[in-house]
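Two complexes come next, and they have one chain in common, chain A, joined by chain B in the first and chain C in the second.
Let's look at the complex of A and B:
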């Protein structure tokens, strides 16, 4: 056993992660897995909103690109379904989260990353905004307006690809 | 279960032994999620990883993946206890998992019937059935702590150990286990037939394995008289010129082709492979390490598909390429000319179309630089957008009138107007219906 070689490719680890997810699903997600069975480095996730917040009842599709150097380098995660959030670009879906950039650690998994993004929904950082409009509302203390706007988009921009409620 | 089967700690969750899940999880590396291979402990923060995993992490990041403490490679020490734990757990795993699953399946369907039966059993039947029942229950949920009577049935197994009680003055040969008089041992050791050691009645499992291992290791040492490998030092690549670096690689016996960047990466990978091999119980021969390096070369090194493919090679024969693909080139030129004519026509139409200041200027400048040359679809979407902007004034007004809190919405509207992007697509998504903004976002990013 001590003499087995360890492949450098992320595929084995992704397979393990997928298996772990299937037997132990993530509460924040509706689904998670590769887009296509032949392409293990491109995943999709469907995230659920946080009950009791303005994102309640929401449903977003996310695109996960996994680099060949994973897990040394973080995956690239984007919102495909538009989301109104100070740290997410409304048009491109780019997410501003330190975990996805500087403070990535190889010990994280795709599921753990998704959990962090889910937590970002409730703990926004309006001081490093990608969506200036909503961040401005937060900074000026207009929480009623911000919540109304978020609720509006959570309602209208809903991912309804596979399942409708 | 699943279409693919990767061993994983969650295998235990739906068996009779769910508590084995955290046990197995703690025997797996945080980085690769596999069982530890040559585990090493970081002496600065006491986390354990596979040797190769932590070395790769440290050369990209320099910090512990679990706690982000700064760690350097000389702070890694082999974690022998974990190595043995993993080794023995892996040996025991298949059978234990199989048993746990079978136990679970046996319990599951006729759970109720068993319970009913047991009520009667406890009163009526003898101790034998009760014993069996308690045992299954204990296995089924590790939390239950009934007093267990250990059945003393395995008497036959104990018999195997009986030969240890040898008559006084008689001992076993430490290698082949043959009983003999104490004085004879040393002369016997001289020509002990250790290779054919196992006598049939020999029952001591532990002794025979150590016996095997030692004979194997002596064999190995005889086959390849290489000294135990020593760890290679890290190089400061900034201080080395290409030639010196190549020489270093040559000394190590690894390929020296490629640019300096590739040489550095190859050397780093070789250090990972080599040094993690030094943490191993039975270090592998260099030939196998070179094989691993070759694999690395194919997956992420110089022969990986993505790198260097975008740059034209030095010895690329341009004329040859041109003559081979001449037909395709001329066809492309032809179609480009046709499209260009179409674009020029469209442009005149587009200019007539544009009415408002900023947006039309943007459109015009884009058209003049001709980024959409020959792309009728792109032009069509642009024209749609312009039309949408022309209409957007009325959309805004109607929405503001219908909104419950006009002040907040009005503010958003203005702030979105002030957006540095200033493009129509930025305004439209705020108040138009779904799907539209996504299309806009994509098309605008693609064509800018």
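Let's look at the complex of A and C:
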């Protein structure tokens, strides 16, 4: 949709989502909300690692841009903190997730999207890679090497609060 | 299906994508209609995982990676894939268009494949109007949602709109059960409820704006998408709450299927989605949903294949009078179709209270089985005697005029009520109420014995020359000039009259030149608007030996 007759409709929805998140936080996240109170369509999220995996102990900042046509169109989510993952571009932080593209549903929320991204950490798909280096390790079955590389980046690129942002 | 190059499956939309036409449809047992082409997401490799989008052209070009996996053909494919994914078909026209004549369709296809030409040429005979939906990937959902509201409007019943609000709200349990967050779906539901409310307000105000309100709402992208999303969620919730009905037809598990093919913001409706909407939304209110497939299939000759979702009453019996929502399917696209009788202004169908209705039915009940002269009906009969009770006739007339009519009510008088509604006449509003009390007469005349004596008793005095013209009863006035008091468009035949009645009247006109007799100015001529069948005498006709006339009648 090129335009919407009611520009306020994503705002109303986003406020609702924010309230819902505050009353029912997402376990995968440290924080989620607008970057600035004056800019409801630009959010940030801080995602936690997954215990028991190579991403354990990690912490990543994500940038969430919400289009004016939200929720009919998906938000644009990028890793700001570099992450070593086959389906995330190491430099740009772009995420390869069909939920963020073709299979987006207006029934999803920002926090549900974050949950999906969190699940992506443990269910990589090396056959459609954005990070070919790590994907190639997976494809060649070098799981030890892949895990070591991921742990390395999870540790060194860890997001440590607003100072670094 | 899966082995098809994924490039072909991308592009979620809309106006006849040629690739779809040749997709081999696999039939599911129990589903009698043709599975519609689904725009299957292109990114489903073997070992499908829901989370990943497809290949990226970038990977092949930006990354210093070489290997057997990156052959030129793959690169090309990836490039095509990307182009295909980014492709947005140019969509023009309103989201939902104005109603127009289907002859436009025939015109559109006049140079097309013969299969289309034949089918579109026969379309206007049965389906007079259609309405376009913009082919932006939502057309099927939009068409059903729009026709649903439009069909509700056709009933012109405020209570029904309010009932629908309640019924839809009661389905929110299903939504909750399917795991949709109330905060999320309420935004979409509220748009649908608000539209119901505005339509109800418009009906209540009798301002005739309901159709415009509906069209405007569906041409507002925000409102329309909210309502479409709401319908999608209802369909998804329905499928998920009836997994056993749908799982056998799905390639994935129910949940995955729904998220990809029902809930996704960009997904064309497929046969499962249509079925779910028909079951969840359309059938429970007693609407039928018809999908006409305008494609190249040669199923039934020139006929367009039709699939109909038929509503049933709670007891499983088919419903009697139902509103039908019609969609026109062309490969990859849905529009809305109408029969002439579907297109009636709600104002015309508004039920007007008819004060004389109750006594009519009472008399009818007493009369149809067997006529027994009693004190209750004798006075009426007495008024039929010329010269008696001239003043009483006015009040009694309405009841007599219908109930005692020995002839079946002529069919044309009943059907035009809806059939000709598009060209409204002032008489039309009453005509629909008219229908109400005529129907029982029609239903009962089969078992009606029609004793000869009744003819005389029941004969209305309208033809009696010396009788003062009875005051016009209100009913007759409203019915318009074409309908005489007796209940049909025809005045009584002389054969119904008392023997000898009117014997003094000359039934043949004084001047009888052959030119006049064969012209439509002659009331004995069938083209005369006041055609008098009994004036036509075959004997005299042939006796004149007019060759030309003879020739024409012996044709």
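Here is the rule we go by: the second predicted complex is superposed on the first by the 153 of 165 C-alpha atoms of A that agree within 3 Å, B and C clash if a C-alpha of one lies under 4 Å from a C-alpha of the other, contacts with A are read in each partner's own complex, and residues count from 1 in each chain.
Please note the rule applied: a contact is a pair of C-beta atoms (placed from the backbone, for glycine too) under 8 Å apart; a residue touches a chain by one contact, two chains touch by 3 or more.
Computed from a prediction, not measured in an experiment: that's the story for all the values here.
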Is the arrangement of chain B and chain C around the shared chain A a clash or a fit after superposition? clash
Which partner chains sit in contact with A:128 here, chain B, chain C, both or neither? Use first/second/both/neither. second
Under the stated touch criterion, which partner chain does A:49 make contact with: chain B (first), chain C (second), both, or neither? neither
Which holds for A:87: it touches chain B only (first), chain C only (second), both, or neither? second
Return first, second, both or neither, reflecting whether A:75 touches chain B, chain C, both chains, or no partner chain. neither
Per the contact definition in the header, classify A:20: touching chain B only (first), chain C only (second), both, or neither. both
Looking at the overlay, does A:120 come into contact with chain B only (first), chain C only (second), both, or neither? second
Classify the contacts of A:101 with the two partner chains as first (chain B alone), second (chain C alone), both, or neither. second
On the A-aligned overlay, A:58 touches which partner chain: chain B = first, chain C = second, or both, or neither? neither
So which bit of chain C gets in the way of chain B here: 132-140, 348-356, 492-500 or 510-518? 132-140
Give me the intersection of chain A's contacts with chain B and its contacts with chain C, in residue numbers. 1-6, 9, 12-13, 16-17, 20, 71-73, 103, 105-107, 109, 132, 136
So, in the complex, the side of chain C touching chain A is made of residues 12, 41-43, 45, 49-56, 58-59, 63, 65, 85, 180-181, 183-185, 187-188, 220-223, 225, 229, 233, 259-260, 263-266
If you look only at chain B, which of its residues touch chain A in the complex? 2, 4-6, 8-11, 13-14, 30-35, 37-38, 50, 52-53, 56-57, 60-61, 63, 65-66, 68, 83, 86-87, 90, 269, 280-282, 284, 288, 291-292, 295-296, 299-300, 304, 306, 405, 407-409, 411-412, 415-416, 419-420, 425-426, 429-430, 433-434, 437-438, 440-441, 444-445
State the interface residues of chain A toward chain C in the complex, per the touch definition above. 1-6, 9, 12-13, 16-17, 20, 71-74, 87, 96-107, 109, 116, 119-120, 123, 125, 127-130, 132, 136
Residues of chain A defined as touching chain B within the complex: 1-9, 12-13, 15-17, 19-20, 22-24, 68-69, 71-73, 80-82, 90-93, 103, 105-107, 109, 132-133, 136-137, 142, 144-145, 148-149, 156-158
